[in-house]
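Some structures to go through are shown next.
Both of the next two complexes hold subunit A, though its partner changes from subunit B to subunit C.
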Partner chain A sequence: MEVLGFLADGILMALEPLNLMLILIGVSVGLFIGAMPGLGSVNGVAILLPVTFLVPPGSAIIFLAAIYYGAMYGGAISSVTLGIPGASTAVATTFDGRPLALQGRASLALVTAAIASFIGGSVANVLFTLFAPVLATLALSFGPPEIFALMLLAFATFVGLGGDDIAKTVFSICFGLVLASVGYDQISGAPRLVLLDISGFLHGIGFLVLAIGVYGIGEMLWTIEQTRGEVTTTTPRMTVSGMLADTKEALARGWKGTTIGSFLGFFVGVLPAAGATPGSLMSYGVAKMVSRAPETYGRGNPDGVAAPEAANNSASTGAMLPMLTLGIPGSPTTAILLGGMVIWGLVPGPRLFTTETEFVWGLIGSFYVSNLAALIINLAFIPLFVWMLRMPFTILAPMIFVLSITGGYAATRDMHDIWLIVIFGLGAFFLRKFDYPLAPAVLAIVLGPIAEPTLRQSLLLSSGDPSIFFTRPIAGPITVIALILIFLPALKYLRRRKPAAAE
Partner chain B sequence: MRKGELTTAGLLALFSLYLMWKSMELPVGYIRGEGPGGGAWPFWLSLIMLLSCGMIALNWWRGKSPASRSDEPLLDGYGWRTLFLVGGGIIGFVALVNVVSMYGAVAVFLLYYLRFLGRHGWPLTLAISLLTPLGMFFFFEGAMQITMPQGMAFTAPVFDVLYEIIY
Partner chain C sequence: MHFTKRGFLGAAAAATLALAPLPALAQEWEPSRPIDFVIMAGPGGGADQIARFIQSVVEKNDMTSRPLVPNNKGGGSGAEALLHMSQVRDTDHTLLVTLNSFFTTPLRQEGLGIDVETFTPIAMMGVDPFVLWVHKDQGITSFDQFVEEVKAADGEWVMGGTGKGQEDSIVIAYMAGAYGLKIKYIPYDGGGAVAKDLAGRQVMATVNNPAEAKGFYDSGDFVPLLAFSDERMESYPDVPTLKEMGHDFSYYNQRAIVGPPGMSEEAASYYRDLFTRVYESEEWQSYLVSESLSPLWMDADGQRAYWQKQVENHRALLAQIDS
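Take a look at the complex of A and B:
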């Protein structure tokens, strides 16, 4: 009951005129920054951090959290309307969001994303309010073997995402992981895989470089070539009754994905090294796995939009938990928020809940208010985003190319990376022609920098004995499930062959 | 398509071998007290890539993939023309960035695409080609404080005027 009292005080604090205004501005700014390919919550929070020194710390963190929320909602917009995931957390949203947009159902995809994000955020807020200290302790029990087992589980779901050709999927995963290892060896600090001895590779290859190349250039070239330049989408519904019908359909066809994403996303988000990207990917994989019609995934299934969107919002709230309770940031954005808190004179950690009660509960209260504000503002802007799709394709296509190149530069500030985007784009076009799945490569480049050090640290802990992944109580079951998922396609193949051989 | 799939698998196998060789610049085995060497992770992954290419070639030989059963050309005349005009346009766009600035290159690319590939009228083409880079300038340089490449010295007077507006 004490918690409910604190929460009520927190919500009332978030509803104070100054804080409410900051929430509305923050969510709107975050929504548009998140919708730009190449820019995400980390840019918004970093750029607007100095602005927060003009207001009290409680209002400042509320403002930054509102930007964070808005950007999480915004990530789905570029995934659906442009087919380019603006941030790694929205990669999985592209799989079904883009096909829905091409079928003239962009409004349904965006409404599903908004509602799933809202429900995911709400579930996470309740879990956060009720179980913050317990979950923080549980998250601490995740060491390198557990985190690597979790990464292995994420890779196992890739195999399911990749389509029928397992060899091409495995190639794609390994390709993404190798690209992630270009630059410097994280442990020894020695230069590694500096391809053709070009110094630009020393700073590595970022996720956005590959994602923008694959989706912004390669996929667009493929679409233009396949459709002979005449991309047709049916006129999207723009009326209030149309939006209401979409809302009804989103709830009816996306509830399963929303439920899976809301809970799974939160628990993955709480883990210090994981975050929203593995959370959204695993939710997509699990939703597909438990679906009665897995073949509809990747072709415009609303559940395929709902699962990753619910998960990335839920995980974003989850990622705040280790930041507040342990002082460990779960993502680059929470790292900046943590930096802000330190500058404002607050000490994140277990004692924050007792020493700065008003600040903490004001922030938690603002999660609830920001989540609701983000839903309303997002739904209000959907007609504008859908309108973009009514532009003739001969205008939309060059705009996407321009956004890809400028967004890519904004994120990396290096022309070497822009040339890489073009090379990846042309390469992706040809690989797409031969049915190589490229999404696993994009996701592997995100998870590679987490997977490699945790594997190496685990093997160092066990003096090179790989049984460490099977003998620890949390890592063991996760590893076994991951291995079952990896070898499931091979087992299915063998089972299919047996009756054929008998005949 | 049939030949193309095998050629692609062959090229990717060569790339995997190159990555294996490059990974070996750092230790690829287990070092006592230090754990796996710095080259181990990319080396073993590249080896799996190489084995995957072998599997892809085997599937090709057994006619398992759609491309391995297809006699169609990889790209027809329209496809090659699209790739040349659109892909070439993008390469030209990026090549121009260090000459006429990012915003100048955006304007030239939009003009080329809208007028010559999209066949839109001059008023629409000019409006979009000029307003888009202008809007981008105020968004990136003003709102986001991100400086884009400004090309060669001759673009400076234009930027001076624009910066005057922001600051």
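Take a look at the complex of A and C:
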């Protein structure tokens, strides 16, 4: 096969001393940038872009891609150990990673995250290598109606799952959607919901602001209240045999989530406009939906860690696909990489694959190498991160607070967002006391800004006729499945009511 | 990397200190902090690419003692960036990379209270022309044929763009008015998304800057039909202009660097000098050619006059769209 020849060349290129060194540095830098709350792969890549002039373009993109990759691994670290999402792509990891850590199983959560990331990355790399041109065509056939149908499906997975109180879930989604619509309307350009004319609301409420508020501050307050500050986060295992046992357990209890995340994440990543954050949230939702015990999600289920972690890695590889084959960014980070390609004198677009074979395959080869490097480096650091958890919570809590605040500030450099984080943190604490699930609100603030414009674009296309979502060959089936999932709980409820009434 | 660079600069500064006569030193203004390089669009679009390209030229040739730090503030068609500029405290360490929303946004959102003529002109790096594109599978090869097909579609002709009141919508509105075309206009959140949906044939035609469509043009997927430039473009010599067709209309996106209101004269002249060097650099000159930008260099007074003219033009154009 021709492709395998190209791939072999690419991997050999990635293993050249300069490139290999850049991969190791890039992955380590990415790991730490990803682990710092508020800083994600976007920041890392943007900050280090100018540095890449010192090396040839092929090596430059390998370096930046390694950062991107490392950040996907790193995001899980603070999500699990501190409960603050390290990057937007790792928010879903906190849902189950944090409870595991509180049960003294932080090492299990981190090992699961690392292994799921590795498998997700590997699956994505193979799919990328074999099917890139076909998938590029598929990505193009997703217009506004198809993307909206997909978003509807994502919401449906969160409503349709059992376990949680459905009315409260719907409330939480709606709350998130309202927050998502604050700021300038993309279609008409008019400002919306600008509370008290505060100019900070004009740029909208960032997803990280809500996530850091809810999971950083809110979680900290919750833990303090639950334990009166006397948390003993147990003594985690850190021996080699302990980690091997964790690995076994991670594979046994997280394989389902890993599988779902690997494939779904890749697919969502390939679609331009989506990226790794929606991919990881959707994978979490689907994993929970198909699970036989959905009520264990959110309480420390390894599948709940594996699904988003596998997804964010495979989505980040997926997002490279439209970038390389079409010259279209699939995520904010790839948008910056594309800019980089222009600076290095390459012309991104459909011809890149044929005219710059060496560049493209060198990059693809580097995915394989980076993935393995990231796994090893990550596993080596896990004991260090787990050790941090031995600190008493009275010391950890102020650290979490400071990291949340600085992380929130780093993302937008606006004090306005800091106040919002504090307010959301307090709000989340009280909502949690009343048993409101908050993950759906976070999902809504990520997907709302994608769903709303595509809904309106679709209706503009059809002159207001909603049948556009049912009549198109790809959008139709997705919409139908989504609607069934949304109404499934209502049907179940009615069926349960009937026998009760007959008695 | 920064440490060594700074160390080196420190040594260089010390050397200059020892050699140069003291009074000369006092006159030179230099940035003392990283420069907030505000972009009035999101990451990945045309303005963002240009900003990052400039940043890289500056970095590569070591032109400033402090780095330019790109800061995307694209909310509300750049309203967020304009507000940031007008409220910023450190006026000497803030710069804005503009497009034409610099003119249109304050006109469309009078509530912002922004008067762009109070901003400080720094440098006009070039202007970006617009081109009308269709997908090759649409089977259209000339503008005349385009007009016929649009008329035959009777209101079902779909074009994508970056939103009502944005640059491309102004061009489309003028074209539609001049030829009596009925067009269904779908707004997207950036030039990249528009090009993608033309490639996937979700929309039938677009008006884009050449840089945004170039990859698909090179691969033969996009066909340029009409240029909205004053003269035929060098890279697309066979594409007629709207002017040739007898309509006195041309439209460009300005790619300029602007300082906030109240920037000190010393700082402004430092930045003018800096961006003159960027402009004259080999990298920027070849970028102008490869991305089909037209040069339009002018001094500070020239830019002020240009702004005034543009504000007037846009006021008239927007009034046309809204009517």
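Please note the rule applied: the second predicted complex is superposed on the first by the 499 of 503 C-alpha atoms of A that agree within 3 Å, B and C clash if a C-alpha of one lies under 4 Å from a C-alpha of the other, contacts with A are read in each partner's own complex, and residues count from 1 in each chain.
Heads up, the rule we're going with is that contacts are C-beta pairs under 8 Å (C-beta built on N, C-alpha and C of every residue); 3 or more make two chains touch, one makes a residue touch a chain.
Owing to the predicted nature of the structure, the values given are computational and were not obtained by experimental measurement.
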Please indicate which partner A:426 is in contact with in the superposed arrangement: first for subunit B, second for subunit C, both, or neither.
first
Applying the document's definition of touch, where does A:174 land relative to subunit B and subunit C: first, second, both, or neither?
first
Between subunit B (first) and subunit C (second), which, if any, makes contact with A:188: first, second, both or neither?
both
Just to be sure I read the superposition right, which of the two partners does A:435 touch: subunit B = first, subunit C = second, or both, or neither?
first
Which partner chains sit in contact with A:460 here, subunit B, subunit C, both or neither? Use first/second/both/neither.
both
Return first, second, both or neither, reflecting whether A:25 touches subunit B, subunit C, both chains, or no partner chain.
neither
Figure out whether A:251 sits in contact with subunit B (first) or subunit C (second), or with both, or with neither.
neither
Between subunit B (first) and subunit C (second), which, if any, makes contact with A:15: first, second, both or neither?
neither
Footprint overlap on subunit A, where subunit B in one structure and subunit C in the other make contact:
187-188, 413, 457, 460, 463
Per the contact definition, I'd like the list of subunit A residues that touch subunit B in the complex.
39, 43, 47, 165-168, 170-171, 174-175, 177-178, 181, 185, 187-188, 190, 192-195, 217, 221, 224-225, 228-229, 392, 394-395, 397-399, 401-402, 405-406, 409-410, 413, 415, 418-419, 422, 425-426, 429-431, 433-435, 452, 455-457, 459-460, 463-464
Which positions of subunit B touch subunit A when the two form their complex?
1, 4-5, 8, 12, 19, 22-23, 25-26, 30, 32, 34-36, 38-42, 45-46, 48-49, 52-53, 55-56, 59, 65-67, 74-75, 78-79, 82-83, 86-87, 90-91, 93-94, 97-98, 102, 106, 109-110, 113-114, 117-120, 128, 132, 136, 140, 144-146, 148-149
Interface with subunit C, subunit A side, in the complex: residues 42, 46, 49-51, 53, 139-144, 183-184, 186-189, 191, 199, 202-204, 272-273, 322, 326-329, 332, 335-336, 338-340, 342-343, 347-352, 413, 453, 457, 460-461, 463
Per the contact definition, I'd like the list of subunit C residues that touch subunit A in the complex.
1, 43-44, 48-49, 52-53, 55-56, 59-60, 67, 70-71, 73, 75-77, 79-80, 83, 87, 108-109, 158, 163-165, 184-189, 192-193, 195-197, 199-202, 214-216, 218-219, 221, 290-291
